[in-house]
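See the structures that follow.
What follows is a pair of complexes built around subunit A, which joins subunit B in one and subunit C in the other.
== the complex of A and B ==
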């Protein structure tokens, strides 16, 4: 009898330990996976994998970077002297050009390469973007290496064009700034409202009002974000379009409004807990000195609750930064550097959600999205740690 | 009538020279009624916590409220600065006068009343601010801005609360750095800073050690020269030591009220005798 009970006890304890251990392990594995995939981006070549670039063997251009290559193929750079070479028109060439126009073609490298070599030999201004199998010999053509994608390409790049050919652009700056803009605007909208509501709930509302209102506000937190997005898309976006006379209603402002509504329950609940956490004795002391209710709120309750309110703010920001679906639906998703609240922007989570499906696993695009995930993870982790520190500071002192 | 007139003079003097006793006041001290209740009943929702309480509290004296737990003495004390208003569903009938003024009249400014009637709570409850700011709080919420005035008033109050010598070198330190007894004296200084005429004390020494308690009692003895003090206490010896008059409450009723000497030596009621002798409570 006794040994069975002891066995049961050990089994149960073991199971609990195991579940805790498994959870922690999963978290670490996810983080490790995220960072491994993400930082793989910097080992990816700047040109599409499996392709190469070459120029005429006598071309004097020293080297090109990925941005220049893109602008050359986009027709924005048309002369070699613009990129440090001898003056002369640039002739961009893609292997597809060989196959367009003239009937059925043989795509066997043995037959393609001589034709490419001939083309390059008679076109001194050429820059050719070719599949690795079709690259000509080095006597006729000089192979250009663009190297790998660098951290500065990613973190300070201003262009996010993952599908660009020949060299996709993974400049995350517009996405990072877009996320910050939308989140900050959201928190600026939500904070006064949230703290006001928290003060109303904890200081002014009667018991019955509070009993009715608090669950309602908490209910807001339970609405799926896609519903918020839908609401934003159908109600807010047209409203903003009309109010500001914009070409489209999907803008950073629309996203901020939706996010503000979504962050409100977090802010209100936490700020209300913080203000109610201020000891009753301190309120009474203030009132007993002849302070008005309002003076008591401003001078005793709010300072006493300040760290809790700060934590509420930070967690509200965290909610806004990580929010995906609603933002994806209402911000317009233009990956450009945001210039105003009324323009479409694209945030990091929206980018990941929208693009991961079309990014081939293991490719540069896929890794770039993971790296965006790493940024998001680092930001939200920093935010949560800050909130943790702030609430730890606010735990009761000796009274 | 005479009382009301004197109360008027007193108020006039006090507004001119806050807190300082004058010749006229000293002469009248001990004779004048500061607080008066007439047939006060008090209800927490349906519960009747006070029953027909009628009492006259002398100015510039210490009145102790004693009685077993739940007898209504704290409720009674909190009537005088209307702290009971903070609780929903309370109701009062009868009259409650301070300085001849019905403090439950519609026209009464409760915040102004609380400036006149200071309170010290059972547990020290300083604000999470510096020692200086704790005392200055009441002045600041009353609109005082002049730095030198505030500083002078803070010092004066801390001296009156017998705390100045201990804290003068660390006025900017947190009030929480003080001991419990020091915190309670800080709370007394805080209450004194706004120059009240009445000081309510709700078991001010119950959370303190014997030495701190002795200091508080000594302080009460000094303060009664300038303030009318009403103190709730569970401690019989304390009531006997510090008070001039004692009111004994039971089950919401004022059983007996008289000079402390009489209540402790020769009370009229048997219940009082048994309570002060420590037979129940």
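== the complex of A and C ==
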């Protein structure tokens, strides 16, 4: 063999090997990038980056947490007594207030700080939210540190208000529960239909019907999720609004219906594979003992295919959990704890899709969205591995 | 007591109805989109720019953008995916490493598309500095369809009997020669079917390109791979949910949805046709 040909051979085979590692590399890179950005959230201060909070130097309040600060600035807490200080009215102040009264538009710190200091000195009840450049000296004002955002803020927090100022709220609980609610409802709707259709397809349908239905189901799988979302938006949402007499048709139920339709191909295809995997000998043995075809399906085929059907269910949930566009378009996107299926909810993927465009790169909001991505990644990864184990276990038994 | 026969009849009727219900749902969705969208589609719709806040004009830039994204992503994913499939099937066989890679590939295929969007934004848009561009969007979409292409390549190669390989080796051909001259050409039609299906997948995805490639509106067609583009699925999303005159844009939304559906229908028909074609050929052999 000439050396050029040998070189070509080694190059090509080297390329094959490299390509073989690409998917593993991508999975590792996804983990690295997602988790690095996501867990950066817990290194982000609870107050907006570049800003600070201070109170009058003689204010006795020990510390505040981010939730209290938010409620103070929302006007829900009005007395220092309520947060552990001496009784006295709270006067929330933002630096913008200095510039609104038609006063000087001079924003040079050298001229702003004295004005802020004077204001704080004569207002004992003040809590001031200021740009870091404008923070006054510690003799006049005591700086409050809210610390960093903690995992419990994120995972158990009930408020998702990333744009709240001075302290944005990143409580993911409503989003996590919203995702679970919509996905589980979807799978409950899709399972009877999907498994029924799979049994029909594998046990009852004639060859011609099968040849016709299989591509149909593939087609259902091929329709883009925006088209499903659009269909849900213009057909299902008004339908549900009318049926249940709701103020808006965009609700968890609408999302579940759309997701159920979208999960059907996954469930049908996998469940059908599982039922067809039950050996012919077992069916024939059952029929030979005098069982009807229905009894055979019930007592032989379904138990034999149960792990495959379970895997189909799990993968169906996985698809529903990760689905973005369709859900974004039909669930109404209210980031509140879901109370019923008929209210608007917001799921994790929909939140990422709706907000990433507005979140400044590297900020707390951006990181919180990446952390949501981590949750999504971890959950779907676990679901896929579980399904893989289930099918792997069922295989040797069936052969 | 209900007789066994009656029970069976009831059960079978139920399943038959459930099976037909699935077909009916598909028929409902397709029928609705086609019925409403057909009126919106004409030559002008396909060949002009949107006007008057998306309520008038056509979707040319979105079609062109989607075309670029499809070409770009498949130009990356196809060679890499086919080579990866060859490596897994022909070089690793059923060794543990092949199983690990297979698990990884399956996992990659199961990751939600929005996570690809996040990753693409972090890696291609920011770390590599591609910005929001055709390049960044194509790379992200390429990662998304890679598992599909790898799997179809692997399956296509698996379907080839080992006699072919053994025969070639017995005639003195090397391993690589056997792959390039014997196995790959025979497997190619099936691999192409996988490629066609990937086109359908890529052209309909929105979430991965949301933050890596798309623009709400573009005054002219993109001139290079670092330009932003409009894309059909994103266009449908924005005109269906936002904008100043959602009701006014509805006919255009139906039209856009129909164009997307037609792409998917065409892709599926083409794939079925290729498969049928292969079926005939192998029977003749």
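The criterion applied here is as follows: the second predicted complex is superposed on the first by the 383 of 399 C-alpha atoms of A that agree within 3 Å, B and C clash if a C-alpha of one lies under 4 Å from a C-alpha of the other, contacts with A are read in each partner's own complex, and residues count from 1 in each chain.
Rule of thumb we're sticking to: contacts are C-beta pairs under 8 Å (C-beta built on N, C-alpha and C of every residue); 3 or more make two chains touch, one makes a residue touch a chain.
Keep in mind that what you see is a predicted model, and the values were worked out from it rather than measured.
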Partner chain in contact with A:230 - subunit B first, subunit C second, else both or neither:
second
**Message:** So in the superposed three-chain picture, is A:120 touching just subunit B, just subunit C, both, or none of them (first/second/both/neither)?
**Reply:** neither
Item to complete: Name the contact category of A:304: first (subunit B only), second (subunit C only), both, or neither.
Response: first
Partner chain(s) touched by A:284 [first = subunit B, second = subunit C, both, neither]: first
Larger residue footprint on subunit A, choosing between subunit B and subunit C, goes to C
**OP:** Mind working out whether A:207 is in touch with subunit B, subunit C, both or neither, as first, second, both or neither?
**Re:** first
**Request:** Could you say whether A:295 touches subunit B, subunit C, both of them, or neither, answering first, second, both or neither?
**Result:** both
Overlap of the subunit B and subunit C interfaces on subunit A comprises residues 292, 295
In their shared complex, subunit A is touched by residues of subunit B numbered 81, 83, 86, 88, 111-115, 118-119, 121, 123-129, 137-138, 140-142, 176, 187, 190-191, 194
In their shared complex, subunit A is touched by residues of subunit C numbered 4-5, 7-8, 11-12, 14-16, 18-19, 21-23, 25-26, 29-30, 32-33, 79-81, 83-84, 86-88, 90-92, 100-101, 103-108, 110-115, 117-119, 121-123, 126-127, 143, 146-147, 150, 174, 176, 197, 200-201, 203-207, 210-211, 233-234, 236-237, 240-241, 250, 253, 257, 260-261, 264-265, 267-268, 272
Per the touch rule, the subunit A residues reaching subunit B in their complex are 206-207, 279, 281-282, 284-292, 295, 299-300, 303-304, 397-399
Per the touch rule, the subunit A residues reaching subunit C in their complex are 9, 12-13, 15-24, 26-27, 29-30, 33-34, 37, 192-194, 196-197, 199-201, 203-205, 213, 215-220, 222-231, 233-235, 261, 264, 268, 292-295, 297-298, 315, 318, 321-325, 328-329, 349, 352-353, 356-357, 361, 369-370, 373, 376-377, 380-381, 383-385, 388
